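Naming follows writing order (A, B and C), and every chain is counted from residue 1.
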Amino acid sequence: MSTKALYKTEPLKLWGKAKELRQNYYRDYAEAHEKGGIRWAGGAWTLGALTAGLGDDVHCITSEPYAASIAADKKFSMRCLEATEKAGYARDLCSYMRNYWGSIILNEYAFGGPFPKPDFLWQDHICCSHSKWYQVVSDLEGGIPYFSIDVSVGPYENIKGLNDPKIDYLVGQMHDGIEWLEKTTGRTYDDEKLIKAVNDECRGTSAWADVCALNKAIPAPLEEKTMYSLYVLGTLMKHYQVCADFYEELRDEVQYRVDNQIAAIANEQCRLMSDTQPPWGFLSLFRYLEQFGAISVGSLYTFGLIGIWEVKPDGTWGGRTTPEQAGIEIKDRDHALRIYADWNLSKPEWQHFYSPHLKTEMMIRIAKEWKLDGVMLHYNRGCEGLSIGIAENRLGLIEAGYPVMTYEGNMGDEREFDLTKTMARVDAFMETLGYKK
Amino acid sequence: MITAGIDMGSKTIKVVILKDGEIIGKSIELAGFESREAAEKAFAGALEAAGIAQGDIEKTTATGAGRKNAPYTEHEVTEVGSDARGVRELYPNARTVLDVGAEEGRAIRTTDEGKVLDFALNEKCAAGAGAFTESMSRALEVPIEELGPLSLQSDASIPMNAQCAVFAESEVVTLVHAKTPKQDIARAVHDAIASRIVSLARKVGFEPDVVLIGGVAYNTGFVDSLERALETKIIIPEDPEFVGAYGAAIIAAEGL
Amino acid sequence: MFDKFRDWEQNRHDYAKDWQKHNGGKVIGYFCTYVPEEILYAAGVLPVRILGSHEPQDVTEPHIFGMFCPFCRDCLAQGLKGRYDYLDGLTIAQSCLHIRQTFTSWEKHIPLEFTYYMPHPMKVQSPRALPYLVSEIEIFKKAVEEWTGVTITDEMIKKAAEVYDENRRLMREVYELRKAENPPLSGEEAMEMVISSQLVDKAEHNEELKRVLAELPNRDTGRETGARLMILGSEDDDIKFINMVESCGATFVTDDHCTGTRYFWNTTPEGNGDMLESIAQRYIDRPRCPSKDWEDRSRLDHILKMAKDWDVAGAIVIQQKFCDPHEADTPTIRKALNDIDVKNLFLEFDVTVPLGQFRIRVEAFLEMIGDEDLFD
């Protein structure tokens, strides 16, 4: 019987704190101007630490998690999507982008009141839509100053040291970006604050990877639906000190759960991973899995979009050694930028932009180390950036001997997702794997 | 031992009654709005054909999209499971099952032992093979059962967009306006639908023997298109739309 | 007069195979017009652009998720069906995500002796793009040298660039002639000319261009020019569509496509003598693919200027279905065209287009342009 409790469970103690941090974040952004502060907007993996040199009263709003919040509110989301379509934009564009644009067009903030207009836009470019996204935002908002850094220099395995011309390309743009930030805001730039933010981001993103690595344990201490609510902090504010502190605290709590065999779900029997963003309005899909004793223990998406990893001496994956841990003292701005560029370029969720086969290798690694029984791939019509190469990933995983289920959907446009049909697929998949409700 | 399998499809409901491995009764009904009523009617029909009463059935397994609404049922199995089981019983050498019904298309790869290795279902954008042929038969003003034979008269190959039903439909309109012979359009329609099913088959890595089941298997034009695209002979059972229910009835018997 | 171009365009595989046989050289397929072909050409390699065949296909479903553009799937289908089985190598320069998948699937499933993914700056508007691209071309050059066994000297690159630049200048000359009140060539002929230039040896193409240009100014096409149109948007080699529009009483006089002007518009700048830098500069300066056009939308002024210089009455804005970079530009471009009174029609392309339906829309569009003229 799949519902039989095999393990003890306990709610996560830090749950409330994660929620609070997220609420404060959106509030601080909205209220920044009242305190003479600065607001900026950019993507979830933008090189945010660079803005820290402008002062401690600089607050950001990152577009993907903001749009995911909209998507979770189906009614508001539909109004946003329709507003964007009415403005002439295609329905098959990135659904985060369309939700976000809609929120601007309607001038409604998902957390109440009018949309708090940013003072500048600070983006980076890895997928086709990233820089186009804010080009349109700038259009829609009547010309907000906009700077975007191109990070697409090929896979990390090709980078040969901190002085590789590929790193130079990024670092050069970052230097230009800092000059631009000073000019745009009229503020003097503080390199010490930049260095601190770089160290904080390295600390936090490595700690998040450690948290995910703890999920290799059986029973898994976390299930993916919960992980979404935790990893989101990194997508909002990976360069903030509070974020790094939180992930370190979380690592301790998850370690405690592992040590005491505290499970995320009591009836864990079948371990899966997912891929790409889920349909945010339908996370109940993950609860449905539990009826079969199945748990999604994570994905390259939850592990590697924010988490920064390395191969440990024993050959397994864990959080990357931070510059501080390696005894590297960042000397100056250029040094900070080189370290920061290198750190971000090693992001697992950036490698697949150049080759799905690199992603397949990482997925097979996860399947092995996290001891998976199968894989559930979300062919996500809402995000071409994370869905790129997904069909090849499927072929690669099957070749490696892992059963794969696929379902089509959309992370942010419910018109392209069918929960009933997807559950029917889960039924068939579980049946083939031999698990019963 | 008497068991029953009921396939609650989106358009039709099929019941098969099995006695010691032999089919002793079967029946099909349109699902309509009240699928539960239709299911009871289908059951009644099958019971009558078998000459037994409801109480004689030891176990019933339901399959199909609407299986939650099936009456007299103790047990459920997915369409993937029932299709694979039914086909394996009929054709032990089958390794690929294609099931093309009104709303859904499905490709299943099975192992030498008959276990499901992988399956693929059509996505929203390529849905409704059966429903699509029906609307095309209306557009061409040809009864649905004549659409197949009509297309067999054609040897013209007109490319038609296969990705999206809406686009394909507009191409049909274009062809009608251009006074393209009906048989050529019919063949183009079947080629387009077959191409979607072939895509699914390729996704699961089809291997012979390939068995086609589901109501659309009656359409000879579609079968011809499918065979040309797959470059392989396709096996079609006698009652292709009953295979799911048949598989469910076998599974019911195995569970006793 | 344009038969040769058409012949090359229609029999591209035969041409490449013949070239291979007679020259004993290597043929490489490439996917995006940001590939610095000069380097390949300098090494004696024939670069041919891989395009689709505009036939429905059922072979790419296992490899590319259906939400990506029909063009990238059509191209992969050509590879999977063995139509490019004569290729010795395959390359791509980084541009959009869609076509990239054609490369990565092809590379994995179709064995070739040489494959190369070339990183290429996306922020070509940054001053940092030039040194970066130079370093990437340098690495590419080394890889090509290793593959072919040819040491590529500066002199060889210079010669290759000269051949390429001549091709660019000659095609531009042809386009200049399209400014005439009655252009001496149709849009269909122009499209065949540019596409064929992506498929054959440029030196040979140059000879044909020179021959054509000698006669072109005095050519009477014998057809009514009708409404002067431009066509712009994503990759477009749908000759049937161009033909259909031009049969409705219109002539295309220019375009903004990577199968058109974006490919040949500018030539290699003089520079300071560093050939790699000059070549890199050309790829940075060329009319941009929207995927590389940010933060400013530099395409906009270029398109508007072209519309004026070629005196177009209307524009047809097309895109491959699901092409995100173009979808992000299209509303702004259409608005800007409207602002300068260039009426425009938007159409979404798939592997095959419903010509009949599109004809109805095109006829209505041309009627609208015609009505405007009545009140001028």
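By our rule, contacts are C-beta pairs under 8 Å (C-beta built on N, C-alpha and C of every residue); 3 or more make two chains touch, one makes a residue touch a chain.
It should be emphasised that the depicted structure is a prediction, and the values quoted were computed from it without experimental measurement.
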Chain pair with more C-beta contacts, A-B versus A-C: A-C
What is the identifier of the chain with the smallest separation between its Cα mean and the overall Cα mean? A
In angstrom, rounded to a whole number, how far apart do the mean CA points of chain B and chain C lie? 45
Mind checking the centre-to-centre distance between chain A and chain C? Centres are C-alpha means, answer in whole Å. 36
In angstrom, rounded to a whole number, how far apart do the mean CA points of chain A and chain B lie? 41
Chain B: which residues touch two or more other chains? 123
Among the residues of chain A, which are close enough to touch at least two other chains? 379
Touching two or more other chains - residue numbers and ranges from chain C: 61-62
Quick check: in the complex, which residue numbers of chain A touch chain C? 87-90, 92-94, 125, 127-129, 131-136, 138-139, 146-150, 152-154, 165-166, 168-169, 172-173, 176, 353-357, 379, 381, 384-385, 387-392, 394-395
List the residues on chain B that touch chain A in their complex, please. 65, 77-81, 115-116, 118-121, 123-124
In their shared complex, chain C is touched by residues of chain B numbered 123, 125-126, 159-164, 167, 170-171, 173-175, 177-178, 191-192, 195-196, 198-200, 202-203, 205, 229
Touching chain B in the complex, chain A uses residues 379, 398, 403-404, 406, 408, 416, 418, 421, 424-425, 427-428, 431-432
Looking at the complex, which residues from chain C come into contact with chain B? 54-62, 66, 70, 350-352, 354-357
